[in-house]
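Please find one structure pasted underneath; my questions will follow.
The chains carry the letters A, B, C and D, assigned in the order they are written, with residues numbered from 1 in each.
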Amino acid sequence: MQFKNIFKFHGGVHPNGNKSLSTSLPIGRLPIPKKLVLPLRQHVGRVAKLKVKPGDQVLKGQIIAEADGNVSASIHAPTSGKVLKISEEILPHPSGLPDFCITIEPDFKDTWIEKKPISWKKLDRTELIEALSQSGIVGLGGAVFPTHMKLRINQSQPINTLVINAAECEPFITCDDMLMRERADEIIQGALIAQTILGAKECVVGIENNKIEACEALKKAAQKTAIEIKVVPTVYPSGDAKRLIYLLMGIEVPKEKRSMDLGIQVFNVATVAAIYRYLELGEPSISRVVTITGAVKAPQNYEALFGTPLSELIIAAGGSPNKTKKFIMGGPMMGFDLPSIHVPVTKAMNCVIESSPELFPAPKPVMPCIRCARCADACPVNLQPQELYWFSKSSQLEKAKDYNLFDCIECGCCTYVCPSNIPLVQFYRYAKSEIIAQEKSKEAANTARERNEFRLARIEREKKERAERHAQKALGANEKQADDEKKSTIAAAMERVKQNQQENIKT
Amino acid sequence: MENRSPYIVDAPSVSVIMFKVLLALIPGIALYVYAFGLGVIINIFLASFTVILTESAILAIRKLPIKVFILDGSGLVAAWLLAISIPSIAPWWIIVLGTLLCISFGKHVYGGLGYNLFNPAMLGYAILLISFPLIMSQWQIPNNLIENNIDWLDQIKIIMNSSLLSKETIDAMSSATPLDYIKTQLTLHQPLNIIQQNKIFGFLGGKGLELISLGYLAGGLYLLKEKIISWHLPVAFLSSLFLISLIFYSIAPDTYASPLFHVMSGGSILCAFFIITDPVSGPTTPKGKIYFGIAIGLLVFIIRIFGGYPEGVAFAVLLMNIFVPLIDSLTQPRIFGHK
Amino acid sequence: MITALLVMIFLAVLLGLILGYSAIKFKVDGDPMVARIDAILPQTQCGQCGYPGCKPYATAIAKGEADINQCPPGGDTGAKALAELMGVEFKPLNQEHGLQKPKSVALIDESTCIGCTLCIQACPVDAILGAAKQMHTIIASECTGCELCLPPCPVDCITMEPVLENSQSWKWKYPVYNIQNTTGA
Amino acid sequence: MIQHYFLIIISTVLVNNIVLVKILGLCPFMGVSKKLETSISMSAATAFVLTIGSMTSWAINHYLLEPNDLIYLRTISFIVVIAGVVQFTEMLMEKNFPLLYQVLGIFLPLITTNCAVLGIPLLNAQSSQTLIESALFGFGGAIGFSIVLILFASLRERLDGAEIPTAFKGTAVALVTASIMSLAFMGFAGLDR
């Protein structure tokens, strides 16, 4: 197949897609579960502000937590019911640590709050963005960045091109594929709305050549519009926004810049569909399409309400034949093990794969790096993964940083091709979070230093002032005594600290 | 909980890579046997035996899994390369000592597989060359040049204990390599075309030796096809060696051998495809590989022509290994989105 | 003999003159090292090193009066960084000065606090809020965990609470290998 | 003439490399090669001292010692001169590159006792060359020292990440590496003819 006007990026890999597993059936609907658990943080940015308390009755689509500031997103009740509790629950996050969630007990009436479609053609840009900030829509490709923030544009750099990301390059995931097959119209309408809000001159959809049906559906829907559907070769990670921009336009977006700064904005297909539903139908972001695939009996895509426990999704997919009950969220290249099968569906959850030894064999023994540089050939960022590994492994973090560790997108191509089976990405993640933690503590140390210096200066100043007062009044004997008393107390305290420490050592 | 994404991999293991390298050496070795008899096989056998024993002992001392690190094949590759680089009629303890030193000092002192700074095989060769210069310059004459053909039993005898054979037999079997011969004859002010009429010269390089080089070339092309090695190193090395010898050849064809002769004699081809392509001790960036190859080509020529040793491959490789960390850090490719 | 002496004297005088002149010309004042050492120290201001704060300790190291391994909050990592900066051999933390503990912040039991302000005066970074006869509280984000407020408290209402990992401060851990290939022996 | 000077440079830098072939100056070679950056500064300082030192020693030898028949004073007077030059360099660095001064630490005054620095002028004086020759000799030696020190430092930095057996960690593996480098430099033998 020939690709016209496509710019190939360096590296990339061609894993087996395994996409047909979950595309034979249309998108299913899940019944309303017995309880819904909604984390307050499902997006990048500040935690949403709680608007309900336990015992409150809520309607479907009602805001239960409000965006706190600009970089934040609201959370809506996915169905009508009662707020059961607000508590810490385990989340679908690689840490497996709990965070605050609202638990709703549905009343199974599914009563909508009054839907308010917005006649978006009549509103100006600021009003639209204001309206969208209530929608709860975040990037549904997995980045979960609040969408209304991406529609804000700065004056100096107008947006020229809107890119719709339909690449979906990770194996196994088909939620965008199925969405495009079934709701191509919504996507195209949503793209047009986003294009209008951004004032972009052109709109390009980038889709991998392995999604023929979806591509046909999009082309059909976009017939009468100026939207261009561009087919890109199937190479992982073409779905990474910066890689897709390069494929489509030949523009490299540097690490420290956003594509916005170069006049390009990227939205995922599911995100623009959500924009369409919010503005045209008045439906906020309360559900998404999730792929459940892998070893489950009946892999399929489901439209799931946010907060639906994963266990419900597994039951719908025919249950799991395996006893291991290991589930991966995301694709096999960048996903992570879920800590429990009771975690809720969140805005970021695009795919859940049941792991099995046949699908994902246990990792082979790790051998030392032989510097064969296959990883460097596969790296889509053109980094030198073998050097980054060498430095991360021996915790030479400064050096790793010098070799542009933070340009790494953790796509996993390097590990995919490593003859020594080294978990390279894990080393980069470790090094990155270690560097960030060190920088944080450095910052904290600087604040502490400033505060300490300020305090010392203040004490010095007060001493001086007091001395002056003494000299003036010439009756400072009493005060001096008091001062001495304080000093001796502190000195005694210091003495005690020392003693304690010595005792500690002895014990 | 493990977070080991990516969950899927698609890569040949280190063992597969190393055993493919051994496989690629087979045509060259077969032609070696055809031209010079079984001596080389005995050396390879001795080297393999020594390397397995030495590595097992070191791994046991270091409390590392022995089976895994023997089966990775990297020790065998180094041992085979050393065995085919030394004269095939050298006494048995030469290869045993060389292998022992190259594996222990070249590889395991630095931590074993993946950590050595220097090419182990070339380190072993350089140590042997400096310690036993006489033995290391006595090469066998191709079978078809010896009047009363010697059999493989004689070869075993000479390798195991040279006193079992008469001095005449040994002298009849050995001579200098063409490169060595040219060097010594040039100091006697012989013109090159006369020198090259000696019977040890063949069509392109040394008689028999050129055939072996062709065998290595075939193996090298197989490695390129299998993507075990990248094209940068052999191309850079061979073209720089060819060009520099072409320049000197065109200035004074009476003193300097032809570029093809330089490429086809000595260890040039083996070096291009098997020695400088050792990933551990070589540079990793594409640009770095090209500079590395060019520099080795130049050094090989300089040492062959102006230096004290007839063949410069081992020293050139070791010298450039010293430069590898610097080359790597100075030739970092442009990162996506960087200027 | 005389010439030899004369020659040596001549050399000595000549060099003496050149060096004396350059000693005046290239005179250096101030020590840029203190700031660089201070930048490595964790700024808890806890005084466990035996000096009344991080800056005095830094000054002492620069002068060569104090050793590089007296800072428990900095731990071995800090000592390593100092060793590298000073160009000396690394020494593990001197345990006479205390052990490295996980980062903690002080917490005042507000029902017991009598509002004596003693802890406020002890705090090196002004991280305690309050006034006389009023309950005090700790600004957790500013607290360095130095424990200097514990001894002065007359009612022992301050405790040190270790900072727990949450989903925001969570870090990726060092990967675990399948085969052991570190060199123990 | 130019060929002669070229051969002096080739000989001092490669064939008779001061560290790897003459085995002089091992103290800074081992001590200041842990980091690439410091090794670069150290080699610059040593190169400076070596070149200036060779030239001044030549002058002293040529104008002071030889005319007065005081050749037996060579060693001691060279030591005095070199100590002076080092002291001067030290002051210069403390003023202009204070951080470098701190990083180099004890190794800066130790240039005085660096046998390479004394060795080159002495070898120089024995072969009684002209000023240009002795300057080239000193400079070549300095370049040889610098190149080898910098390369060695880059190798040692790479070794920071290697899993070297405990018994060989640190100086041991550094010495093995230095000896292999020395072995490799033997390949240059015969180039100065």
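The working rule: contacts are C-beta pairs under 8 Å (C-beta built on N, C-alpha and C of every residue); 3 or more make two chains touch, one makes a residue touch a chain.
Since we're looking at a predicted model, the values are computed, not measured.
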Shared interface partners, meaning chains that touch chain A and chain D: B, C
Identity of the most central chain, Cα criterion: A
Separation of mean Cα positions, chain C and chain B [Å, integer]: 55
Rounded Å distance, chain A centre to chain B centre (Cα mean): 52
Distance from the mean Cα position of chain D to that of chain C, given in whole angstrom: 38
Where chain C touches two or more other chains, by residue: 172, 179, 181, 183-185
Shared interface positions of chain A, touching two or more other chains: 94, 363-365, 367-368, 421, 423, 426
Two or more partner chains touched - positions in chain D: 158, 163-165
Complex interface listing, chain A residues touching chain B: 9-10, 13, 15-16, 94, 96, 171, 242, 246, 252-255, 257, 328, 330, 332-337, 339, 355, 359-360, 363-365, 367-374, 376, 380-384, 386-387, 403-404, 407, 412, 415-421, 423, 425-426
Contact footprint of chain A on chain D as seen in their complex: 158, 160-161, 163
Contact set on chain A toward chain D in their complex: 368, 390-391, 393-394, 396
Complex contacts: residues of chain A adjacent to chain C: 41, 91, 93-95, 97-99, 363-368, 421, 423, 426-427, 429-430, 432-434, 437, 441, 444-449, 451-456, 486, 489-490, 493-494, 496-497, 500-501, 504-505
Complex interface listing, chain B residues touching chain D: 62, 105-106, 108-112, 115, 117-118, 123, 126-127, 130, 299, 302-303, 306-309, 312, 314-316, 318-319, 321-326, 329
